[in-house]
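Structures given as structure tokens follow.
Two complexes come next, and they have one chain in common, subunit A, joined by subunit B in the first and subunit C in the second.
Let's look at the complex of A and B:
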């Protein structure tokens, strides 16, 4: 017999905060430097050194807390998590345990079933990242790169409110969008700036108690998260249905084999011996501070999307695409402000041609080869009938290739639309004269042939004739 | 008078008057160290070359009119302070090979003030001990009786000042590590308010209790040193941003009307009778100078030793985790794997007392015991701090004996950690409450010096120093010099 299973997922997202220097030292945080070139004595955990909190991380965490309607703690405390590992120089990680800076937040997502769901955010706390061990290229020994040690992280812990791998991805993408909007994380998943652990369990549908969970570690792409959760859910269901029981443990997802495997069980788990770090004072935050941060809060994705629909009368799908990133939204609004065309036309261009070109060249909106003003210049030429929409695509490609502004391209390539009715009439007359057979058919009632004549005229004018004008003139002449 | 017999203040005047140069003074003291330290083992490292170079540049600076507060004055740093380019061992095999790449803030401030470093003083391993017997480099001997301990953990600093090898030395005090050796060697030891002196570059034992201070021959010398050492440091989040007063300015004022508290709860159990009597005599001297005594209640003070031995080991177990053989310090040879590297590097690098405290600390922090030990200890610590706060509503300072007895024989207590821990019974409260406290010599018991312990309210250093200085105007216990080191 087969029971229906309910999947229960909670995510712990690690977002690297985009500070210039580390959380407790003055070392830079830039990615990709030579090993150990961005680690000073504090990062190396030298005898006698002390941590000093980078205040910028408090601002960033506060901003995040406010963005997810959470309580920002007036007093939070850094604690030491003690364990030995070569990439952990002090033998402890400075984190927050009992009194995190952010608690009781929430986020709403649209689930796979199309319903809106509330996902609780239990807490978000500040901590330092560890370094990394290097095994490649070293003969029978290991190296340690401590550049990353002390990089500030915000660990965002959700309630076990997610019910499918897809929802988990939706939630994570939304957090990703928000931290990016807030400017507190670059969210770069390849560089490990945004990654998550997933707590996954299953239970028979309707059961109240949670099943035993496994923790999937270090998932660093949206695709892997979905695959890893699904494969883990499958494993747990198979195991239970075969009469086994799930054990609480940490598992790793192997993307090559598409399987999860045990890393360490609960029995082997460390006792981290947390206690408040005596080197750091509690972080005290005043109401005034919180209000000052709130005043700097940018418009968030949901609000922006709603405004785009309302203010620009965009289709909801288009509004969602355009607000997926703050920079794209800003770009779009730049086009709207600079053009005389409608906001929807601007949206079509940003999403369609510009989006396509970016996609094709693997670029982000910040790398766009055409600025919002330049794109507005192009859209305006369609709007004022200088060129047709079809010619505009040609102009766009030329602009993308660096051939100048829309006007430059139109001028240099001679693409200006022919609106001189005398000139169009000459061509129309020629097309009628050359195609007398079709003229006869048309007059006999085959109306559809009008498209054939328009096409011929456009062909003769290399697309530069105003299609509306051509259409009207043909109908008049063929009456 | 011979240079080595002069106090820091007198040497300062001598340099100012041109009676001698810093190079002459430094050479004299280096010669003394070379001749006498074999008996004492007060130094782990003697930095002759660096000292003479620093003395020469201090003389040059003086000639140019650029005279720092400690210009040309030779001092000793406890080997817990990181000194750039100089071995910094913390009394441990673990750091026997450690050359610090940077200066502790205290070291830098003193260098900036023109001080000359004669060397690094011996100490209990990682400052854990009250007899200097836990040092990897062997025990320090008490200049008053070479068979006795000088106390600890700043035993090398105390012995070098008592034996006139140096006019002053830095020390650190986590539970009495400056004051107890000062009492046992007839020197002055001041532990400032927690946060008054930067901890940056001071190898941590128990971060919430550690405080740097000094051992000198007089309260006036201590004031001179503190003026240089104190001050906010942005690299130490627990240092307090409060202006540093001129500690020498008010030192000459009378103590008439000073309210001196005597703790009702200090039990006489374990207190050697005559040591207690010397402290009472000293308090009587203060009274004769116009001070009044008031009995004060510290109802929880008898809990200070057990509280300390939960909090301090807990912090040390974590602070010492960085000594893992990976980046610096002792590394076991031919490790089979990572765990073996950790276990053997630490097993070989740390001594018994350090291991005992790491294990105790790991235990009190572990799951299931944390609430019963660590949290409870923090609550008691708060009660003790509150008791002091209440007491200081009625008195200006609290006085009593520094240690329960004069110096004990080396080897006497080394196998009995509890007896050893009880040596700090009178001093630990000030660390738990973060208060400034000082020991001044107040007499002898069987020819061995004992100390008067003065505890002040937060930032009460000026009053402590004034009281100590005024007492030293009336008494000359601090001038006594061990026969063998005259």
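Let's look at the complex of A and C:
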């Protein structure tokens, strides 16, 4: 029992490409349509039809390849992967085998141990999705919906370079962020637009040869991926330590029971008899095309994060949060450009109050009830001492509830900070007169009581006095 | 015979064919002849030959990403043995 085990994981991520039409036909790809209303003769596999490749999927795959420093193949070939399943009307899936469109890429992640790790990307190939089988509400039958058949997928295959479930999740999140930044996939995991299979094996620490792997199918949430891998690793180690051997097979994760179970023996099912699809010619890509696509490459998350730290002098944690999505980063930069306050103050508001409100209401940044310009308007009023930070939170909530701009709310609620020193002095004098006991204690050396007096003044002024000014005035008067 | 019965059984299983013993005997013989015929190609030295992906020497034409198909479900489903609520029905698939 003293053997230390090393976990080895490789991921196959399926990202649905955000095209309007299918990979080989002119059917729409919108999610949630009535069954089979988005499946035409090509998708249904009728005899005599010809697939014609969608130009946009080539562009998207090329862009992805360049983003992960991969080789984009000047010539790639589609192949037929043959198997029988009711949701695959043709009896084969059009995929790529020997000559995929993207090969030899890489990605760097910060591992669970805090060290940077290189994760190799073996390949990324184009293929069509299959349909869906529906079992609920049908007794002796299954229902087949072929709306998804022919939806373009980019399958991104990693090297077995991952060493823990946490690292696998980190890697997958990073791929998720990148496809989103590139605008090539909506990455919606609930709708199945972004899912993965995990190849998991264990070996005694130090051993070179890989152990026999099991493939965990269709993991469609970051939480399940971590749980499924951990439970599978535990199963394999227990099995080996009890004298058994791991069988190469496909397993399904059952989230209710938190266990993995065998789906079918992969050896038999794996005889796919690939061959080049005679209906499709090789895809040829020129150097000029690749350079033209490269010129459209947006700033990627790592570069953006580094720039935020450098240009805006943000803490690296804040920069990481703000660059986790391209839209959030754009929103933040919108605030920074529009405000006179520092970039860090803008970051605090975007991450803290805005992030909190979005979270609370279950909204994404694109649904924010306050625009970047409006938030900048609020931050500016703190910056120019019109309101205190504390009052600003109250103004923010009112803005969130649709009560207008920062200036509108400050005006209508009368929240403007009192800067007239005469007015503040009246209140300060009143507070001193009302609390003579505390005044005596303060004068006897209990300095901490200054907070008590400031609090009283702020209370009297409903938070509208400038705390710094109040503090100074109190100290002068209580000398 | 370049193929044995076991191999032909495997091929039949993959093709979902249910063959009788006589059909197996016949298939082993006929398929072996085809394999032997094609196998003559092995005599050619192909060391420096790039595998051919397609007999036509041309590149794939690409189509613009436009939705050109309209919903014609009712028409297509006239060919289906059974449909319910727009779904094609098949014998129960269990995983």
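We adopt the following convention: the second predicted complex is superposed on the first by the 476 of 479 C-alpha atoms of A that agree within 3 Å, B and C clash if a C-alpha of one lies under 4 Å from a C-alpha of the other, contacts with A are read in each partner's own complex, and residues count from 1 in each chain.
The definition used in the following text is that a contact is a pair of C-beta atoms (placed from the backbone, for glycine too) under 8 Å apart; a residue touches a chain by one contact, two chains touch by 3 or more.
All of these numbers come straight from a predicted model, not from anything done at the bench.
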{"item": "Which of subunit B and subunit C A:48 touches, first, second, both or neither", "value": "first"}
{"item": "Partner chain(s) touched by A:280 [first = subunit B, second = subunit C, both, neither]", "value": "both"}
{"item": "Which superposed partner A:256 touches (first subunit B, second subunit C, both, neither)", "value": "neither"}
{"item": "Residue contacts with subunit A in the superposition, subunit B compared against subunit C", "value": "C"}
{"item": "First (subunit B), second (subunit C), both or neither touched by A:80", "value": "first"}
{"item": "First, second, both or neither for A:288, with subunit B first and subunit C second", "value": "neither"}
{"item": "Which of subunit B and subunit C A:92 touches, first, second, both or neither", "value": "first"}
{"item": "Touched partner set for A:209, first subunit B, second subunit C, both or neither", "value": "neither"}
{"item": "First (subunit B), second (subunit C), both or neither touched by A:271", "value": "both"}
{"item": "Set intersection of subunit A contacts, subunit C complex versus subunit B complex", "value": "41, 44, 52-53, 82, 84, 86, 144, 271, 273, 278, 280-281"}
{"item": "Subunit A partner contacts - residues on subunit C that touch it in the complex", "value": "10, 14, 16, 51, 53-56, 58-69, 71-73, 76-77, 82, 84-93, 95"}
{"item": "Subunit B to subunit A touching residues, read off their complex", "value": "81-82, 88, 90, 95, 98, 100-102, 104, 199-204, 206-208, 234-238, 314-315, 317-318, 320-324, 326-329, 338, 342, 362, 365-367, 370, 374"}
{"item": "Subunit A - residues contacting subunit C, complex", "value": "19-21, 25-28, 34-41, 44, 52-58, 77, 82, 84-86, 98-99, 133-135, 138, 140-146, 252, 263, 271, 273, 276, 278, 280-284"}
{"item": "Residue numbers on subunit A that touch subunit B, as the complex places them", "value": "41, 44-53, 80, 82, 84, 86, 89-92, 144, 271, 273-275, 278-281"}
